[in-house]
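Notes to accompany the following structure.
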Amino acid sequence: MSFNTFGHLFRVTTWGESHGPALGATVDGCPPGVEIDAAALQHWLDRRKPGQNKFTTQRQEPDAVRILSGTFEGRSTGTPIQLMIENTDQRSKDYGDIARSFRPGHADITYHQKYGLRDYRGGGRSSARETAARVAAGGVARAALAALAPGLTIRGYMVQVGPHQIDRSRFDPAEIERNPFWCPDPVAAAEWAAYLDDLRLNHNSVGAVIEVVASGVPAGLGAPIYAKLDSDLAAAMMTINAVKAVEIGEGMAAAALTGVENADEIRMGPNGPEFLSNHAGGILGGISTGQDVVVRFAVKPTSSILTPRKTITTTGDETELITKGRHDPCVGIRAVPVGEAMMACVLLDHLLLDRGQTGGQRGAIG
Amino acid sequence: MSFNTFGHLFRVTTWGESHGPALGATVDGCPPGVEIDAAALQHWLDRRKPGQNKFTTQRQEPDAVRILSGTFEGRSTGTPIQLMIENTDQRSKDYGDIARSFRPGHADITYHQKYGLRDYRGGGRSSARETAARVAAGGVARAALAALAPGLTIRGYMVQVGPHQIDRSRFDPAEIERNPFWCPDPVAAAEWAAYLDDLRLNHNSVGAVIEVVASGVPAGLGAPIYAKLDSDLAAAMMTINAVKAVEIGEGMAAAALTGVENADEIRMGPNGPEFLSNHAGGILGGISTGQDVVVRFAVKPTSSILTPRKTITTTGDETELITKGRHDPCVGIRAVPVGEAMMACVLLDHLLLDRGQTGGQRGAIG
Amino acid sequence: MSFNTFGHLFRVTTWGESHGPALGATVDGCPPGVEIDAAALQHWLDRRKPGQNKFTTQRQEPDAVRILSGTFEGRSTGTPIQLMIENTDQRSKDYGDIARSFRPGHADITYHQKYGLRDYRGGGRSSARETAARVAAGGVARAALAALAPGLTIRGYMVQVGPHQIDRSRFDPAEIERNPFWCPDPVAAAEWAAYLDDLRLNHNSVGAVIEVVASGVPAGLGAPIYAKLDSDLAAAMMTINAVKAVEIGEGMAAAALTGVENADEIRMGPNGPEFLSNHAGGILGGISTGQDVVVRFAVKPTSSILTPRKTITTTGDETELITKGRHDPCVGIRAVPVGEAMMACVLLDHLLLDRGQTGGQRGAIG
Amino acid sequence: MSFNTFGHLFRVTTWGESHGPALGATVDGCPPGVEIDAAALQHWLDRRKPGQNKFTTQRQEPDAVRILSGTFEGRSTGTPIQLMIENTDQRSKDYGDIARSFRPGHADITYHQKYGLRDYRGGGRSSARETAARVAAGGVARAALAALAPGLTIRGYMVQVGPHQIDRSRFDPAEIERNPFWCPDPVAAAEWAAYLDDLRLNHNSVGAVIEVVASGVPAGLGAPIYAKLDSDLAAAMMTINAVKAVEIGEGMAAAALTGVENADEIRMGPNGPEFLSNHAGGILGGISTGQDVVVRFAVKPTSSILTPRKTITTTGDETELITKGRHDPCVGIRAVPVGEAMMACVLLDHLLLDRGQTGGQRGAIG
C-alpha cells in the first residue's frame, strides 16, 4: 500500500489526471475465471458520472471504460486488468488564475510545494476525476465478490448534507435510487434539494456524510494488528478526495457510551452466533463478525467556489480568487459510488488474504 | 503495510501476547546515526505504563525495554532495532470463564472464528499490552525526528470522557501533565475523576476522545493518492485497540460547513505562506501544509467489565459472563501516549518517503 | 514487489498481453521535474523492437509508446506515469494447435494449471512482448538517473550464443552497435551470424548469455539483508522471459576461487578508495562499492520451434507439436535492451531508497 | 519485500548482529494451527551450528532458539512468531585492526560508506550469524509445509568445493548426512577434506556450489511477472552471505542448449502430465510444473583470511590486513541448511499466495 497503489493481494493502482488524455486503473491480483465485461463496469461508472443533474458538476464525460488487458473470452485470466477511461470534455479555457494562484482549501499549494510543479488543469491528479478509476476497479472487485461470497451486498447512501441529517425512522432502501442524493429518507431528499439550490445561487458549497454498509460479509476477514479490516477501511475512505473523518459502527459516538451499553451481546442462533446489537459495526479486534460492516465518512465542502477567497500567487503576491468552472456544490453526492467501490476493493482484498493464510476455514462454535 | 507491520520506509513490526514471556517491536529502516538509548525509550513507556493510578488497570508491569540490536555505541546503525519488553506480572489465575466464553464487544469470538484457536490469557495478541511495543517504536521515531526535523513536537491529550468534553476556552498545555487523564482543562479533569470513580464502583467503563497535534511538520509530507498523510494517519490510529473513528482537522464537523467557511485562506508571511485558519488539520490533498497536523480518535469503552453480559461459549451454549481481572475503566487514558507514538511513526515514515522521492526540496513560493 | 509490480520506491507495474489491444507500464514514484518525452522513450523501444533483422521474430510492431499521464509540459509531476503501447500486428490466424496443446518448455501448461484458463494467443501474458513495457519504464528510469546521478551509464551486450563465447581480448565497445547481436567482439559476431542462420534453417533455436554493466554507480546503494542490491538485481533479471541464471561479478566462477584470489584489494586514490580488481562485480554485502556493477544472465533457447516435440493436449491426449509463427531463433538478442532497462529501474529504485534512509550522505574515508 | 523483511504473505524479518546480545526472526503470516515447538526448530539450527568440525568456524554457539510469541499450547495462533537466539560466545578481544581497517572482499567498507558507522564486532549485521535466524524461520516454514503440502521434501547438498565437483554418477542421498560437507559423493567428500585441510594450513579459503532440490511441489506455485517463483528464489538465495550467482534447472548451461535439446517433452501419466526431462528445474513461466524445483548457488570464498591483503584504514591510510579470528575456510558448508531454509520460506509463501488468488484449485487436464 504505497503512493498510487491500494491493497495487499487485490491491488489497484490508479493513474491519470483530470485534463490528460486518459485515466484509469491497473488492477492486479484478481482471481482467475471471474466474469468481467465492460458493460458491467460501465453500470457502476454511470452512477458516478458527472453532469447527471444540477447538483453535480456540469462537465459532460461519458466515462466510457475500456478493458485493455487481463480478460479472455469474458473472464479474468489472473493477470493485470487495465481499465482505461478517456477524457473527452477537456474544455479549452484560460487557466490563468488557477495556474498562478492557489485555491484555499485545495491541494494546489501542497502539490506545488512538494513537487515544485503541478498540472493545474482541473486540479490534475488531485481532481475528483481520479475516483472514476476507483469505481471501475470496484466493479471488478464486485464481480469477484459475486463469485466468491455470493450473498454479499454493498450499499452506500448519504445521511447528512450540511447540517441536515436524515431521520432514520424514515429509512427506505428503495428511496435511495429515486433521488439525486442517494438519500434513503424522502423528506430529507426534498429538503436537501432546496438547501443546495440556495447554496448554489449563493456561490457556495457544503459538506456531507456518507454511510456504506456491507451485508453478508463472512466472519473472519481482517488481520491483526496493522491490517485490521477497520484500519484498511479507514485508510481506503480517507484517500477519497475531501474526506476528513471515518467512523466504524458507533464511530465518534462510541466515546460517550458505557461498556454496558456498547457491548453487543451474543446469543446462539440456528446458523451460529447472533448479536443483539451492532455497535461494533461488524468488526471486533479488526476482524469481521459476520454482522453488517458499517462505515461512515465525512466529506468537506468543495473548495472551488465562485465566492472570492483570500490567497496568494506562485510569486508570493496576495490576491483574491474566484474559482470559475464546473464544480460540484456538494461533492459528497458523487462520493457515494466511490465509497461503495472502496468497500468492495477492501473486502475482496481481505477475502483473498484470509483464504491465503487460513484457507478460509472457520473455527467451529457449538 | 500488512498484518503486523506498519509503515513504508520506517517499518515497525510488533509481536507478542499479553501473557507470553515477552513482547516487542522490530523497527526497520531507521536512519543511521540517530542517538538512541534505552533510557530515552523508557521515558515514553513509563507514560503508558499500567497501574499508575486508580483509573487504569492495576496490573503492575515495569515495561522495561531492552534494545537487542541495531545500535552501536548509542547510535542507530541503520539495521533493524529489536525492542523487547518482558512480561513480568502474568498473575497465575483461572482463565476458565474467558477460555470457554466470548466476551461481548471483544475480539475473543473473531479470533476464534478466524484462527480456530486463540491465546485467551489476557486477550493474547488483541490485548492493549501490544501498544507498549508501539510506544517503544515511537520513541525511536521521535529520536530520528529530533535529528531530521528539529522543531517538530507531538502532543496528545484527552478531550472527552464519556459525554463530558473539555471546554477549549480553558485549554492549558501545562495542565496536561498534572492530572491522570492527560486533560488540558483542569475543571474537566476534576469532573472526569468523579465520573470515573462512580463508573468503576458500578462495574462499568466508558469511551473517550483523544486529540494528537504535531507542530513544526514541514510542508510537503504525504503522497497522492493511496499514501496520503491523512490516510496513513487514519490507518495508524484505527489500528489502536478499541478505536472506532478518526478525524483530521474539522473531521465529522466538516460535513456541516460551507465552502466559504471551510477554506483556510492564505496570506504571505515573512517565512512563506500563512493560513488564516486550520480547518484542514494541516493536510491538503493528502500532503502537509506546514500547519499543525491535528488528529482525533474515539476509543470505545473497555469490554471487560464486572457487569454480567449475555454471551455464548465455545460449545455454543448461552451464558452470562462477568469479566474479572485488572481492566481499565477508561482505556482511552492509556491511548494518549499510543496515539502520540503512531503520529511519530507516520511522520518519520513520510519524511523519509518524501526525501526519497523529492530529495526533500520544496517548490518555491515568491 | 508482488505479482506484476516491481520495485520499492520506483515501482513499475506492467500489464497487457501479446495479442490484446495494448500493453504498457504504470510507473509510480518517479521523482518530480525529470524531463521525459515520448521520443526519448521511443529511442530505447526501437532497440528492442522485433523484425529489425532476420535473427529476431518477423512480427512487425512499431512499438510506439504514448505517455498518458504523469508529465506536464515535458516534465514528470511526481504522479503515476502511464506508458501505453498499442499492439498493431496481431496477425489473424488459426491458433488451433497452440490453443489445444501445450508447447514443451513454455508457460502454456503452468498457466493452464494455475489459472484454469489462458490467453493462448501468442502466449498472452507470458509473451516476450511484455518486455516492451519494461523498456519503456526503463527509459523513464534512465531519464531520472541522468538528473540524479549524471555520470552513470548502463551498457548491455551479448557474450555468448549457444556454445560460442566472445574473446574478451577483442572487446570493443564501439562494435556493440554495429552488429545485430549487440556483440562487442567482431569476430564472434560473424561466427554467430553463420551459426544462427544454420540453426534457423534446421528449425531450431539456441540460448545466450547477456552481460549488463553499470558504470558511475555511487557507493552506498543497496540495503541489508533482503533488499541487497545484488538480490534485487537477481530478482529483476530472473523475471525476464527465459532467464535461467543470474551472476554478479565472478558469479558461478567465484566457487573455484580462493580467498586470496577473490579479495579485491583496496588502495587510496585521489578521490577515495580504489580497488585493484573487481571480482565482486561492484557489490559487497549487498551495497555498491562505486566500482562497475556487473551482472550476467543466461537465456534459454526459444521453446517455440518448427521441429516437432512430444506433448499433450488440454484433454490429456498425447501428440506432437510444431510451433509455427514468427519466433526468435535466439530470444537472447532482444533481451539485451531489456536487461539494461531492468538495471536502470533497480539502480534508480535503490538511489531513492538510499536517499530516503540516509539522505544520500556518505561516511567519510580519510 | 524490503530491507530486512522477506516474503509476501509468509514474511520473515531478521534482526541482530554477530556480537550483540541476541539475534532472531519475526515470522509473520504463518497459518494458524501448525504444530511448532522449539525442539523441532532446534533440529534445523543444529545442522547450521558452527564449531561442529574443523572445516567450519570454531566459535562455540549453542544457537538455542526460544519462541517468544505466536504459539499457544504448541500450535501457531496466526500471530507473529518471535524466534530469539542469544549470542553467548562473544569472545572478548581486541577488534583494533578490523575496527580501523576494511577487510578486502568484505562489507566493512560499504557499510561504512553507506551508514557512516558500523558495528565492526564480528561483522555486525553482515556476519553469517544472521543466517541462524533464517534457519529458525525456515523451521517454521517446514512445519507449515508439512501440514499444507504433506509430500513436499527439501534437500540441500554441496556439489562443488573450489574447482572440485562431484561426480553425479556416484550421487548417493544417504551419503549427504555422513560427511561434514553435505556431499552426496563419498569420493568427492574425501578429496574435499584433503583439499580444505591444505587450504587451511595455507591461510586461505575457497568458494563452493550448493544445490537445493524440492520434491513434491504442487504445480501452480508462482505468479507472473514480478513474483515468479524463480525470481523469488533467486532473490532469496542471493541474499545469503557471499552468494554471487543463482541458477534454476540448467542455469548458465541453458545458454549452450538448442531449443530441441532444452524442451522438456510432455507425456500423459496416470496422475496427470509427466515430463521426459527437467531442464527447466521445475519452473515454466515463473510457475511450478510439479517436477523437482532445482536451484543452485555459488558462494565466494570467505574474505576473512590469515594471509595479508592490501587495504586502507578508515583514515584513508594504506595498510596490509591479516584477519585473525575464527572463520570458515569454506563458508559454503554452512550455507547448505540456509539454502534449504530459504527454499522452505519461498515455497510456503507462494503456496499461501496461490491459495489466496486461486483458492488452490488447479485447471484440469484430461
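In order of appearance the chains are A, B, C and D, and numbering begins at 1 in each one.
Convention: a residue touches a chain if its C-beta (ideal position, glycine included) is under 8 Å from a C-beta of that chain, and two chains touch if they have at least 3 such contacts.
Just so we're clear, the structure is a prediction, and the values are computed from it rather than from any experiment.
*Asks:* Greatest Cα-centroid separation from subunit D: which chain?
*Replies:* A
*Asks:* Hey, which pair has more contacts between C-betas, B-C or A-C?
*Replies:* It is A-C, judged by the count of C-beta pairs in contact.
*Asks:* Please work out the Cα centroid separation of subunit A and subunit C, and write it as a whole number of Å.
*Replies:* Centre-to-centre distance between subunit A and subunit C: 38 Å.
*Asks:* Taking each chain's centre as the mean position of its Cα atoms, how many Å separate subunit C from subunit D?
*Replies:* The separation of the two C-alpha centroids amounts to 26 Å.
*Asks:* If you average the CA atoms of subunit B and of subunit C, how far apart do the two points sit, in angstrom?
*Replies:* 45
*Asks:* Among the residues of subunit D, which are close enough to touch at least two other chains?
*Replies:* Where subunit D meets two or more other chains at a single residue, that happens at 2-5, 14, 29, 32, 78-79, 114-117, 125, 224, 358.
*Asks:* Report the residues of subunit C in contact with subunit B in the complex, numbered from low to high.
*Replies:* 9, 29, 31-32, 78-79, 224, 352-353, 355-360
*Asks:* Can you list the subunit D residues touching subunit B in their complex?
*Replies:* So the residues of subunit D touching subunit B come out as 2-5, 11, 13-17, 20-24, 26, 28-29, 32-33, 66, 68-70, 72-73, 75, 77-82, 84, 114-119, 124-125.
*Asks:* Tell me, which parts of subunit D touch subunit C in their complex?
*Replies:* Going by the criterion above, the answer is residues 1-6, 8, 14, 102-107, 109-117, 125-126, 130, 160-163, 199, 204-209, 219-220, 222-228, 230-239, 243-268, 273, 276, 279-281, 283-290, 298-305, 307, 309-312, 314-318, 332, 354, 358, 361-366.
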